[in-house]
Amino acid sequence: MSDIQARLREIARRLLTEGHVRVFIGFGPGFEANRPVPFFAADPDAADRLLLDEFCAAGLARYVLEEVREGPVGLVARGCDGLGLERLLADHRVAREQLYVVGVSCRGVVDPDRACAAAGEEVRAARVNGETVTLITPTAERSFPRSACLLDKCLRCQDPTPRIADVLLGEAIPPGERDLAHVDAVERMPSDERYRFWARQFERCLRCLACRQVCPACNCVSCSLDRPEWLERGTGLAEQFMFHFTRAYHVAGRCVACGECERACPAGIPLGLLNDKFMKDLRDLFGVAAPHRPGDVEPLGKFCPDDPEGWHEGGEGT
Amino acid sequence: MEYRYFPGCTLHEQARNFDITARESARELDIALVELDNWQCCGAVFPLATDALINLVSPYRALASAHAAGFDLVTLCSGCLNVLRRTNRLVATDREAREKLRDFVEMDYAGERRVYHLLEVLRREVTFETLRSRVKRRLTGLHVAPYYGCLLLRPPEEMEFDDVEAPTVMEDFLRALGAEPVDYPFRTECCGAYVALREAKTQAAAQVVRSAAAAGAELVVSSCPACNYNLERVHPTLPVVYFTQLLALALGRDGAFAGQVPDPTPLLRGKSLLPEVS
Amino acid sequence: MPRIGVVVCWCGHNIAGTVDVTQVTAAAAAMPGVVYAEDYKYVCSEPGQDLIRRAIADKRLDAVVVAACSPSMHEATFRQAAAAAGLNPYRVEIANVREQCSWVHRDREEATVKAVALVQAMVAKARREEPLEALRLPVTRRALVIGGGIAGMQAAMDIADAGYQVLLVEREPNLGGRMAQLSETFPTLDCASCILTPRTAEVARHPRIELLTYSEVREVAGYVGDFRVRIARKPAYVDWDRCIGCMLCQEKCPRKVPSPFERDMGFKKAIGVNFPQAVPNRPVIDREHCTYFEKGKCQVCVRVCPVEAVDFEQRETVREEAVGAIVVATGFDVLAPAEFGEYGYGRYPDVIDSLAFERLNSSSGPTGGVIRRPSDGRVPREVVFIQCVGSRDPDRGRGYCSKICCMYTAKHAMLYRHKVPDGQAYVFYMDVRAGGKGYEEFVQRTVEQAGALYLRGRVARVYPEGDRMLVRGVDTLSGQTVEVAADLVVLATAAVPRGDARELAQLLKVGTDAHGFYNEAHPKLRPVETMTRGIFLAGAVQAPRDISETVAQASGAASKVLALFSQEELVADPLVAVVDETRCAGCFLCRPVCPYQAISTRVAGNREVATVNPGLCQGCGACAVACRSGAMALKGFTDEQILAEVEALCLRTGSPG
Amino acid sequence: MRFLPATALPRWLERLRGDGATVWAPVDEDGVVVLRPWEGQPIASRYVNPLNSLKDVLLPRTETILEFEGRPTDLAVREPAPPQSQVVFGTRPCDAAAMELNDRVFLEGTFVDEGFRRRRETTTVLTVACTVAGPHCFCRAVGGSPTAPRGSDLVLHPVENGYLPEAPTSRGEKALRAASDLVEDVEHPDPREAGRTVAMPLAERIALDGLAARLRDHFEHPCWDAISRRCHSCGLCTFVCPTCYCFAVFDSLRVTRGRRQRGWDSCQFKDFLLMAGGHNPRPTRKHRVRQRFLHKLCYFPEAYGEYQCVGCGRCVAGCPVGLHLPAVVDELGEVLG
Amino acid sequence: MSSDWQPRIVGFACRWCTYAGADLAGTSRLEYPATVRLVRVPCSGRVNPSFVLRAFQRGADGVLVAGCHPGDCHYTSGNLFTRRRFSLVKRFLEYLGLEPERLRVEWISAAEGQRFAQVIREMTDDLCRLGPNRKMREEP
């Protein structure tokens, strides 16, 4: 990543000096090692603090909503960020000419906690190469399987390269089809056990709304769930179901599977399992790609005369 | 431009000259035709029975091995093109058939490759303008009746070779060689194929040749050994040749006309189109 | 908290027979917001309505819930009664305790509990309603008719005769449309121009019809009662006001040009009219084929014109008009059979389409009405007519039946026999469809008297043999392949929408079917209306149809326009969607689900937000569900109201107190 | 030195549950350790601190204040039954300390919060001391320690297959009596010594002394823009924080009956301070983020003399964009010098 | 289940077709259990999937969403969006644990009074077998 990081800084510096963009969004050093945080370079010198390594976990797309208010915005975008931006563009929340996107192909971001657990000691740096991840610790340099080191959202990622980059650093990796087998596992549970599974997850939900605030598809100016007639502030099980049902339905056919909601959830609720269920049915019933590639009209905004009636084949465990 | 070449059985036996002139012309036009290794007969007819997947094992294997080599397929005989292209489409669209064939042949393939006829390569890759510039001996004054037959064109939604009722690719090809294509209505009618072979019913072929002759054709050109065989036997003097023979001739190579009945060489010599025997 | 009155109807014993109305009234009295609860034997009766009016006045009610029969029965009655007492009619709700309660349940206790719940739901809804005003839309009592063929002229005449202004726009320089190209018409064989030209003259002279020929509609904005239409008048390069119609220019013009009106079999001059009896009888210059525009020379027409009407500098002019209703009568086209190589159309001159045969028959046609072969002008001894070319052919043509070809081909065979007594006509057909009045008898006469030979089967190939055309087909009734040597082959090609039908449909925001024919609002009940209110259809623009049906439909469309213009002002239902701009994010997820394209963009402050055109919106509510942030509300069926209804219906302890 | 074998723990808790108390214990739910009313499930032991803290017990996410039924003119109002006594096992010293901070707010001063007080007086806190610090812990930087008894009724120091109970309060002593037959006597060095040597790298890097004073006159400092720019305005940090106690009161109406409830609210939500008429004194992220950290690092110390943070590290682990107290203190340190 | 317990069904009926069908069942004096209570909506396209969950939340044991047959919608496309939305929502609610029989989506035209009554009878039988709905429901 280091030479790409250098080129990124050089581009950011040029954009800021020539005034193409008012701010360049990327990652900067965090308080703790291996936890870089979103960073907003507002002047050319700040560009040199831009950082791009295997630990940059947060999604950046949502930030453009706020930042474009004062002028054009530059940002670094991996595949998931690119899809997030496409979502905001498809929803007319930002205009393409307001963005200067520096695309980067991403092979996966390391989860610092998982890496430490795998290495058994403090991890200084990491390199993701194909099917293995090399963790550099003070004492050694050993490689581990991807599943032991990477974030969940990266393990299921099928879109390493953003498609709307103005400039792409590194070569493009073609997108793939998402494997939605994890949804089948939940579908196979008997309905009462499935209900207890979800009741247990939602019981932990704090309603802190992190999943909503980090989601590029949840970009409304004001959320209908903030209105008392839709959802009261109480955290009884009925309200918890209403919140998660409505949020999942509202992003159905619009979710780009960036995985940020699951990563942000403090209660460890498998939100991906909710969004992916809609994604699986949209794929099986209406042939919508998984993950959804934002087009001009969302899948629920159109119909085919011969759409199947999905409620017939419903029933246990299909 | 490199392709895996699928000759088909008759091009190694009866239609040797079709094969030789094709290879010569390809070399002349620097199209790399590398013969597919261990190919088998394409089955000659795309089975219409619903559960006849076993007949498609051979074309599937041909396509899969071309895919393994990483190149598209080229073939000459309209029968082979018909079978290979329709198998390719079936594999791409029918998941059940794809999986059964894959399990049986134990080679992974899902319709990624394209199957081309040499004429399509000439039209798309080489382009007829370039072909015209590469011609060494222009076949001026040669009135040729292009004969398409059935399997190149039909069924149109699967073959997508040319306009099913008013095709033009052979006419353009002949003009590129300097010959004059003859327009006659029977160029897309059937030659009687296997029915003619089995029960010697030759009226269909006769009608085609009669119509061509009436339109002033001196020579008929086709791209299918079965059609050639049927058309040759119903007219005493009108020779029937493969399009690659004219192509080889025009590119300054030997047209491999030896032994054909009716013999095209007198006609060609009459128009001083044959290479002078030194 | 709004003051709500509840009136429970006995409906004689229809409701009281199964539902304990007094208990329902008592329960209603205890519901939050209810300040008055009464029951009465027949609330829909005059005294019943009086009871409501008095209650509104005495109790200063803000809303009324009537527990009675289905809203489809008396919602209007009770709303008018409330309005008479000064209450906003949209604050009256009906609890359906008859059709959906007393009539369908036997157990008195269960029916009463359900009735209370239904009243509870309506009270909950009434508490969350705000007064709605019916939308008053102005009506411009002026109609636009697009298309000057028989359909457009008929509609224009009917509307103008009723006293309203009509704007008739026709793309060609002259009226007449498709019918002007016909020779005679079935089944009466009366000559097309004899019945058409007087009608064109009538239209041209009509005081309330403004004729805009050689013009096209470029843009349609607004909605029913207030359409804003931009109409472009193409440059004719002849000043029609000065021109006296002497046609000297056409006579002297040296440039002969193939005439599309004559299906390219006849010629016209670079300047002139399509056919002699054209109305308005004014020439236009065909810019692509005029020597002056090509090489800057000639100008013969300028020299011969006695009134200097030729003006090469003329430019396209565009005018904006306001109209209240639009009738689309743009007619149809015939399929170009070139896609069907087997018939050799376009390669062999003696293979023509039916419209060309019409021109051969027409006395003002290229051959003066004598049927001659285009190749050598000989009168054909044998003519083969091939039916369903492109029709009933889902793979390579159109799947539908074009309906009129069987009849005009029988006519052609009949006319051919009249003009060539010893000629033989063959007709390759699949089924003869002659369903109109006197149609079947006409076809029988063609077979028996005109001796036409109908061969039931398709044609495989048409190809030349010497100077004749060999038609290879099959006669399925005898089971043999047939080969007919013909002098002339006539293809009955499919009737298809005009080439630019889809663009005009988009302009008008009218749906089309898969082929491009315009969609009617309801195939059986509203055949002349479209889903867009105020836009009507007449003639073949909606589907292939013959002249008599076209005229009938044109009058139907005109009557719809007259019904619209007869109202003082258009009263539109206020139950339409409305956007809360503080919540709207401008994501426009609502727009694609609106069947009426009623949602457009509006700039609010520095943001783009959605806005609903109340004239177009029909209140289906699809957008209110597509809007994730809840900014889109459907008046009368808001989220808050429906949620309150659901909650009231789910209350287990429906008991009062 | 008293020693309670680990095997005796379930029996002890069962006894405490026996005399009518609700016993909470940390359980592993799908990989997340959460404090839950305990009915015999396996008790988790390998965790830094549970997702929900004592706050979830004493200031529940949703609490019914009163219930009402009938018509506006004759309304029957009922107070909910007084809460059962509760025993919370498995909290960490930092959570226990956090509750004492909340006591200052809810119990001292002119207004005593009845709901909180009733729960506080009937709750026994059995804290399990920390033998190792989590990656995000920094209790030592705010005056806490892995073995601090503050706020606990009983501190159980984990040792080889058991605990060394230490009872700073009589309520703790009373709870321990229920296990008197299970407790053994054993020789063991003072476990609190181990607490001082627990490695806590994060704590060393946080310098809080004098920060409260310096912050008072930097309300308009531009650093707040930079600090708050990456915040997404979710409520995660406030809801996981054991010391954040803001709540909202709201009614849940069902036509003829309803409940008045109190539940958590977050100063980071956009509409937290939205007033009737639409005015919002803290409309942007800068306002809201500044407010939270000034409250913890400036206003609370001014009012109660100590920082409103116990260094439990939940905000450090939870914030999706790394905007947490240590990071802000670090950035403020750089800027304010 | 105690024999006299009756399930509570909340129905969303489009006013042009299903509501008129229900009225027809009334005028034809058909009989069906008093378990269903209809909410009249302009079109099945107006039924927000969250309304369905609200009904279960507040104690409904079954929910029916019914509109015109595809192709007959008074607003041409309302039911075609309903078909897509509820194809997904039915499966999603089952995925959350709701028994399939609790939510039914039907096309019932204004002429199908019989069918409306039949659907209500079938739903009532299914729900009597299943018993009251405990899932996703708030405490009484």
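When the chains are written out, they are named A, B, C, D and E in that same order, and each has its own residue count from 1.
Just so we're on the same page, contacts are C-beta pairs under 8 Å (C-beta built on N, C-alpha and C of every residue); 3 or more make two chains touch, one makes a residue touch a chain.
Everything numeric in this text was worked out from a predicted model, so none of it was measured.
Touching chain B and chain E at once are the following chains: C.
Shared contact partners of chain A and chain B, listed by label: C. The chain with its C-alpha centre at the largest distance from the centre of chain C is D.
In terms of C-beta pairs in contact, A-E outnumbers the other of A-E and C-D.
The most centrally placed chain, judged by C-alpha centroids, is A. Distance from chain A peaks, on a Cα-centroid basis, for B. Rounded to whole angstrom units, the spacing between the C-alpha centres of chain B and chain D is 83. The mean-CA centres of chain A and chain C are about 48 angstrom from one another, to the nearest whole unit. Our note on geometry: chain A versus chain D, Cα centroid distance of 30 Å, whole angstroms. Once the centre of each chain is set as its mean CA position, chain D and chain E turn out to be 46 Å apart.
Chain A has residues 230, 236, 300 in contact with two or more other chains.
In chain C, the residues that reach two or more other chains under the touch definition are 593, 626, 639, 643, 647, 651.
Multi-chain contact residues of chain B (touching two or more other chains): none found.
Interchain contacts (touch definition given at top) occur between A-C, A-D, A-E, B-C, C-D, C-E. For chain C in complex with chain A, the touching residues are 582-589, 592-593, 608, 626, 628-631, 639-640, 643-644.
The residues of chain A lying in touch with chain C in their complex are 91-93, 219-224, 227, 229-230, 250, 297-298, 300-302. Across the complex, chain C meets chain B through its residues 340-342, 344, 347, 395, 461, 463-464.
Interface of chain E with chain C (complex): residues 6, 8, 10, 19-20, 22-23, 25-27, 29-34, 37-43, 45-49, 51, 54-55, 58-60, 74-78, 81, 85, 117, 140. On the side of chain A, the complex with chain D involves touching residues 30-32, 35-40, 58, 62-63, 66, 113, 116, 200-201, 204, 206-210, 212-214, 226, 228, 232-236, 260, 263-264, 266-268, 270.
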